[in-house]
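We call the chains A, B, C, D, E, F, G and H, going by the order they appear; numbering starts again at 1 in every chain.
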Amino acid sequence: MGSDIRALLAGVRDGSVSIEEAELQIRREPFVDMGFAKIDLHRKIRQGQAEVIYGAGKTAEQISGIITVMKARGQDRILITRLDPEKAETLRGNTDFEYFGQARIGLIGGMPEPDGLGTVIVATGGTSDIPVAEEAALTAEYCGNKVTRLYDVGVAGLHRLLSHSDELMSASVVIAIAGMEGALASVIGGLVDCPVIAVPTSVGYGASFHGIAALLSMLNSCASGVSVVNIDNGFGAGFLAGRINHPMRLS
Amino acid sequence: MGSDIRALLAGVRDGSVSIEEAELQIRREPFVDMGFAKIDLHRKIRQGQAEVIYGAGKTAEQISGIITVMKARGQDRILITRLDPEKAETLRGNTDFEYFGQARIGLIGGMPEPDGLGTVIVATGGTSDIPVAEEAALTAEYCGNKVTRLYDVGVAGLHRLLSHSDELMSASVVIAIAGMEGALASVIGGLVDCPVIAVPTSVGYGASFHGIAALLSMLNSCASGVSVVNIDNGFGAGFLAGRINHPMRLS
Amino acid sequence: MGSDIRALLAGVRDGSVSIEEAELQIRREPFVDMGFAKIDLHRKIRQGQAEVIYGAGKTAEQISGIITVMKARGQDRILITRLDPEKAETLRGNTDFEYFGQARIGLIGGMPEPDGLGTVIVATGGTSDIPVAEEAALTAEYCGNKVTRLYDVGVAGLHRLLSHSDELMSASVVIAIAGMEGALASVIGGLVDCPVIAVPTSVGYGASFHGIAALLSMLNSCASGVSVVNIDNGFGAGFLAGRINHPMRLS
Amino acid sequence: MGSDIRALLAGVRDGSVSIEEAELQIRREPFVDMGFAKIDLHRKIRQGQAEVIYGAGKTAEQISGIITVMKARGQDRILITRLDPEKAETLRGNTDFEYFGQARIGLIGGMPEPDGLGTVIVATGGTSDIPVAEEAALTAEYCGNKVTRLYDVGVAGLHRLLSHSDELMSASVVIAIAGMEGALASVIGGLVDCPVIAVPTSVGYGASFHGIAALLSMLNSCASGVSVVNIDNGFGAGFLAGRINHPMRLS
Amino acid sequence: MGSDIRALLAGVRDGSVSIEEAELQIRREPFVDMGFAKIDLHRKIRQGQAEVIYGAGKTAEQISGIITVMKARGQDRILITRLDPEKAETLRGNTDFEYFGQARIGLIGGMPEPDGLGTVIVATGGTSDIPVAEEAALTAEYCGNKVTRLYDVGVAGLHRLLSHSDELMSASVVIAIAGMEGALASVIGGLVDCPVIAVPTSVGYGASFHGIAALLSMLNSCASGVSVVNIDNGFGAGFLAGRINHPMRLS
Amino acid sequence: MGSDIRALLAGVRDGSVSIEEAELQIRREPFVDMGFAKIDLHRKIRQGQAEVIYGAGKTAEQISGIITVMKARGQDRILITRLDPEKAETLRGNTDFEYFGQARIGLIGGMPEPDGLGTVIVATGGTSDIPVAEEAALTAEYCGNKVTRLYDVGVAGLHRLLSHSDELMSASVVIAIAGMEGALASVIGGLVDCPVIAVPTSVGYGASFHGIAALLSMLNSCASGVSVVNIDNGFGAGFLAGRINHPMRLS
Amino acid sequence: MGSDIRALLAGVRDGSVSIEEAELQIRREPFVDMGFAKIDLHRKIRQGQAEVIYGAGKTAEQISGIITVMKARGQDRILITRLDPEKAETLRGNTDFEYFGQARIGLIGGMPEPDGLGTVIVATGGTSDIPVAEEAALTAEYCGNKVTRLYDVGVAGLHRLLSHSDELMSASVVIAIAGMEGALASVIGGLVDCPVIAVPTSVGYGASFHGIAALLSMLNSCASGVSVVNIDNGFGAGFLAGRINHPMRLS
Amino acid sequence: MGSDIRALLAGVRDGSVSIEEAELQIRREPFVDMGFAKIDLHRKIRQGQAEVIYGAGKTAEQISGIITVMKARGQDRILITRLDPEKAETLRGNTDFEYFGQARIGLIGGMPEPDGLGTVIVATGGTSDIPVAEEAALTAEYCGNKVTRLYDVGVAGLHRLLSHSDELMSASVVIAIAGMEGALASVIGGLVDCPVIAVPTSVGYGASFHGIAALLSMLNSCASGVSVVNIDNGFGAGFLAGRINHPMRLS
């Protein structure tokens, strides 16, 4: 950002930019104000990532409007999360639109080629955790990562998990997704030496309290190298995995 | 209890027992009322188990008084749980008194010979769980069980646990004791085919919430055959293990 | 498991098995990977119990697929828990399929003969707890146990419970199921000398908090010999009761 | 209150009271303002009860000051609850002062003669609940009630409670005090036909959560006729029992 | 109960009753076992109150069956609480059946004449609390009490409450019903000198947490003489008020 | 209130008002009792504010009845909050009725001219918070305030908020509305020197716990000058902002 | 802030300020970095308020260091909150230092003259709430407000509060401080037409949960115009009251 | 692990290792069993990290014993976390022992040279968060990372944080540490494009609930790329940052 300000100030000194305009420019932020939403068009540059639309709590019209603005400004690949099938239906007009029902994800512009450091593994404790896992996996793919899925490898049948030890130990990030008691994160955390992102899910009943049991379990993991995102937050885990798997962007 | 009543009624019929006395007898309960406590002297017969004194919330004088009454009535083996060292000091006068500091358990009359069906395994996730584990192990021994201790076998280093697979798989009951995320119970539950008693401990900090994380984790165990007792309740686990390991008493 | 490894190693020594293949074999776990689920076919051998399908969070197609694989591998008796009536309807094609609506349990292959040590008693505090109780009772029967049902014997009318004292005192396990204040477990725990498995239910309103009141009450039972499973977890209680009632399997 | 206002207005009409003074009088409330406390001297008249000093959160000096004012105004019998032994020591100067250590209650002016309708029974689940029970019992006695104490009659040994059935069934109010699972209130509630006041105590550990388990249990009592006061609130229970036992005061 | 046992024992002595039969009689409890429910027919005698059917969690068929048995045994006045309009419809066949929609209460046999000591006041903080209040009021009327309703007198407009001071101060019991912050109970508790039964309701939103805010507020009432029942438990409050208002039954 | 009482007392002195009538007058409160509701007609005078109808928990008939009474007594501007579209439909008969669907607010009599000290800013973290924001904004306008809306200025894109620094710093009150982590209130609190009213919303999922995360975050704001209202309580915030923005009414 | 930037830019245009220096100036923030703390010296200008030191979690040395820097920069009036008596002792060297023990507040430079619009009333429910109230009152005085203290006016004795109606109704802000059930805020909220700041305190026991009961009660206040700060946050309430009472600063 | 097994199998084939011994070897895990602890000596190889001793819940003797064993096995650099000053004193005998009091960390063998990809920034909201921050910073340094500390940059004074924008934007990982409302993580998350590890601290009072407010706030961060560790878990954050900053170890 420093160079922008410097250029602007140079313009002020040589008179090509008025003081008033410069002040305005410094204050003016690079987003489009649509009233109900302020679309951030510089984030790609500033944070090295394309914009993602969080679909929950937005109407189909609002989502559609945001897409139109984004496309007009040159954004050709867009991910929409938490997108209900009904809302997805209204977006079919976009020629390059795909919908992933289990993950409730919409995609415009297709997936990019993977360009990350290694592989992201997405593992689940059970079958019921798959929707969250798919949200994580698709997000990671959208962020340019190669993804391996290991589903239904919960700790009550350890051999199912241990049979994949080699894959686990060669991953660059593991996303461990589980409801109920959430022990998967700790067990994987003890097996691998890469970062583990734990995602508690709301799968379970009774004293699972819609994911609290798994959340607390994961926060208290006795294994090192484990961090946690919100309950059912597959997107957050996939996005973060992408960042960890792209350390070169930092230089 | 049926035969007692029958004998009493026979006495009434043959006149050797008056109606009033019989009524009194039926109502009169088999305990000694000390004001602050009602000592149950028939429990040994009724429930096949010697009396245990829960030391917390009782003064040294109260505990001492209860012991005196019990001994006078022929109870020669007594376990006192949650016994502070200070209170234990005041009981040293009992010649056959032993104190187990780590478990905060006092014992009068020594341990019995094991006469249970198999072995009770007491496993802990970490070193800090040992006080609760010792309470469980000593209680189980007091109830006539052979006990094997497996300490510090938490899931973050699975190989420590798996190296004891044979012992685990030949136990008749396993007591799985862990704080933090409490995943030990689920992992053991998936390895063995005997009942597993899970004991959450208050070991941990922050979001362990003094054992709530482990408690919820254990209640939500995805492994079958696991049940749970109160946080830090080593006594309850040891006692229950003894019952499970003595099925013959039922016949 | 020891002998398998030994045989394999013998094959390695005599050259009939290559090192690479042996390594693979040791790592390869005995389950069928269906993508969305990994079916454990050795559990019957390893844990002395047939596979049970947890129906919640699985589609009718997934359940159907798992059944097909199991049957193909010789599993002729299958229990499906948490099975909605709609999903049950799609399983009617299996000739030996039965559906228990109140318990939401599906059964393939009929119930086995009871071969346990004694009787499992399933007691409830009220009428509303019966669905959970039936899940427990049917599971226990599926695991080879004789079951006695005592419904609506809550502590607000103690005489209803006390009139069954003889049955209670001759049971080998009691499953105590109650919502609201969950006091049933403590009262039964004080009457019997066999293990008591307490199941809190979500029956109640207001400060019952969907079963939390009963759960906490049961965890704090002042009676010894009581352990607790998850809220509404009839299956877990029935399964554990079966293990306790079959101690001979251990030898 | 009606007649006071009427007299005042009569005074206004006949000119013996100025309008300003009458307005002041109507607004002026019958209490002594000591800055840190406003002592209510009319409560005895208005609510038929002597003033009680809640000792917690007040310094010894503040308590002493309040007593002095009360006595000066003719209040000769005063109860001080939650009074630490140290503060009690500073009140020894009052010649008619008594201190009940277990209940942490101070009393000035001695106990009145009982003049209530029947007997108030104070029952506890265990020995550790006695301090709360004594607070309840002494308060009830201070409010003019005959009190019977039944301590250590918890539901894990039902016969201890049932042996007192006759006393329970002839009480006019029962105060049921218990920590841990708090089942005592429900069981007593099912036995008697008088109001039952349940007092959860903070006795217990782990998932008793300092009385929450007992509190929830009691709020969800399946027995009718049970109401609940705050955790450890022996005073509140004793006071309310006194009101219930003195219905004649209402006429 | 004493005289029954005595008569029985006399029969045993004179040979008119066999020992076996007497034993059976002592054990046999006075209820009808319908499988899904055990109907208590002696409660009226034992507890001086007619049976009430808790409708929630029972099917229309179960409720209907219980009514049939009760009527056959001479119970001619029955209250059914938590009765959905749909279930109520199926009970229209009973000629003397009335349904109170707001309170979700069904009544068979009409209301009795009030025979209590004084008046029960049912007060609510707002309009939305009326359904719970009607449950309380109708229950109290069913238990033989005269009831006065004071609705929408919440503390945010104190004058609405204070305008009824005279009625409040002459009541024998006040039931204070409020959601949101539940302050009504404390304010009334400070005005009256009769017992106050506080009923928190689930009225409110956000941090009212379905009645928890009101529940906690009421449990912590700084006014003496207040006790609390479960959230939305209008029945429990009405029933208890009836007991307090009928102290003569005790003699 | 003082002058009313004074006038009345003067009337008593000069005999134009009888003592009985005066007493009645003093006690009689200025509201209309409709049974299900007590409408406060003097609040406008007493609290300088028109009556608002809280629509939740009231039937369309009840709301309609209250409006009729209010209008008959001269209240020509009425706000109805938490008004469902269905209920709103039934109020269309009122000629001057408007309905704001997003805010679920009904309005009779139109908005007044703003007459407050400065501008009230209503800011939201995201698009999903807009319904709560509109409730706040419309309420503030109804109370005579000029309102500026700043929507979707959450802290994850600080520049969107900072671009409005000038507006924020010249406001007389800021209402900061956010779900999820609720950080908006703290950040705004650090930027402005006017009072900030924080409104947590139930927007979010998982560990947002329906607004608890935002509520706690806001209560713990490290910025000074921030206070909090209930989750989703847009009305409360708008009303309070109006009071702060009208300090002249106090004189 | 606008004019500063403008001046700077003018300097750049006329060459008196280099581009590099201007950029630095824009970025450089007006605080002193002491390593463990960054002292904000411009806040007085930016937010119209002197700096306050939050003493909790800072060592006496750290506090002393901050005071030295502040004084060196011309800050001659400093408030230190949450200051333990021990730490206060070490600050006695400052000649103009005062310590208010009950409020745990230190003050350097004395109190300013009140220059606010009206009076701030600080009211408490009981005597135990006074420490929090004094923190609020002293903070408000420090911020230039006239303060009236009304202590021990809890709702259980309404007349104590109502006797101060006139004062309450002429206040410009009321701070309502209460523990236990926290009803004071609602009752005051219904009496006054100025903003009410509610402060829950941790005073109470059992189900007060260290202030949660009062907090929830206040958040759910049925009175309008009430907002809430953190438990025991007297400082926050006093500071906010000062802002509300100084609306002229905005122009 | 693969090559070890392969070597062993090769030994079996050529007869240098017996089958029995090989089986034993495979099962035998590479740790030293000290009874109270099982020290993992292969973790360095297996997970690329030296062993760390978690000091809480271990006695000084236990810690000392573990150090002795580790050193004997060639471990020359050891970190001990949660080490009380008293226990630290007993370790002074180790010549190369250092103690960091604020962080409660003990170090044997000195810090290694940084060899990570970039810089780890450790930022705190306030001064009171520094102990947790130092635990994180020292751990990260121990794991071979260059660390920059930014303390007291909380969001209530945004300019303090924004003045470090350049440093933040060039970090490879940021650890955001805050108590109270925990907003720091979201604000930083919106500024940077590297992974952010959020650490809630128990700093705060009242409704901070010992870190729960910050924990929930961080879990609900509206910024992407943020994950969370346990309350006060500086070690976990520092360790994980090290893993993220050393992606090359994966290849």
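Simple rule for what comes next: a residue touches a chain if its C-beta (ideal position, glycine included) is under 8 Å from a C-beta of that chain, and two chains touch if they have at least 3 such contacts.
What you see is a predicted model, and the numbers here were worked out from it, not measured in a lab.
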Graph distance between chain C and chain F, where chains that touch are linked: 2
Fewest touching-chain hops separating chain A from chain D: 2
Angle of the C-alpha superposing rotation, chain B to chain D, to the nearest 5 degrees: 90
From chain A, the most remote chain by mean C-alpha position: D
Interface numbering overlap (same over half, different under half) for chain A and chain F: different
Most distant chain from chain F, judged by the mean position of its C-alpha atoms: B
Where chain A and chain G are represented by their mean Cα positions, the distance between them in whole Å: 41
Distance from chain G to chain E - Cα centre to Cα centre, in angstrom: 49
Distance from chain F to chain B - Cα centre to Cα centre, in angstrom: 59
Set of chain H residues in contact with two or more other chains: 2, 126, 157, 165, 206-208, 212, 215, 219-220, 224, 230-231
In contact (per the touch rule at the top): chain pairs: A-B, A-C, A-F, A-G, A-H, B-C, B-D, B-E, B-H, C-D, C-E, C-H, D-E, D-F, D-G, E-F, E-G, F-G, F-H, G-H
Chain E - residues contacting chain C, complex: 27-31, 35-38, 40, 43, 56-58, 62, 200, 202, 210-212, 215, 230-233
In the complex with chain E, residue positions of chain D that touch it: 1-2, 46-49, 52, 117-118, 165-166, 170-172, 192-195, 197, 215, 219-220, 224-231, 235-237, 239-240, 243-245, 247, 249-251
Touching residues (chain side chain H, partner chain G) in the complex: 126-128, 130, 151-153, 157, 159-160, 162-163, 165, 203, 205-208
Of all residues in chain A, those that touch chain G in their complex: 2, 5-6, 9-10, 12-13, 15, 19, 22-23, 26
Chain F to chain H touching residues, read off their complex: 125-126, 154-158, 180-183, 186-187, 189-191, 204, 206-209, 212-214, 216-224
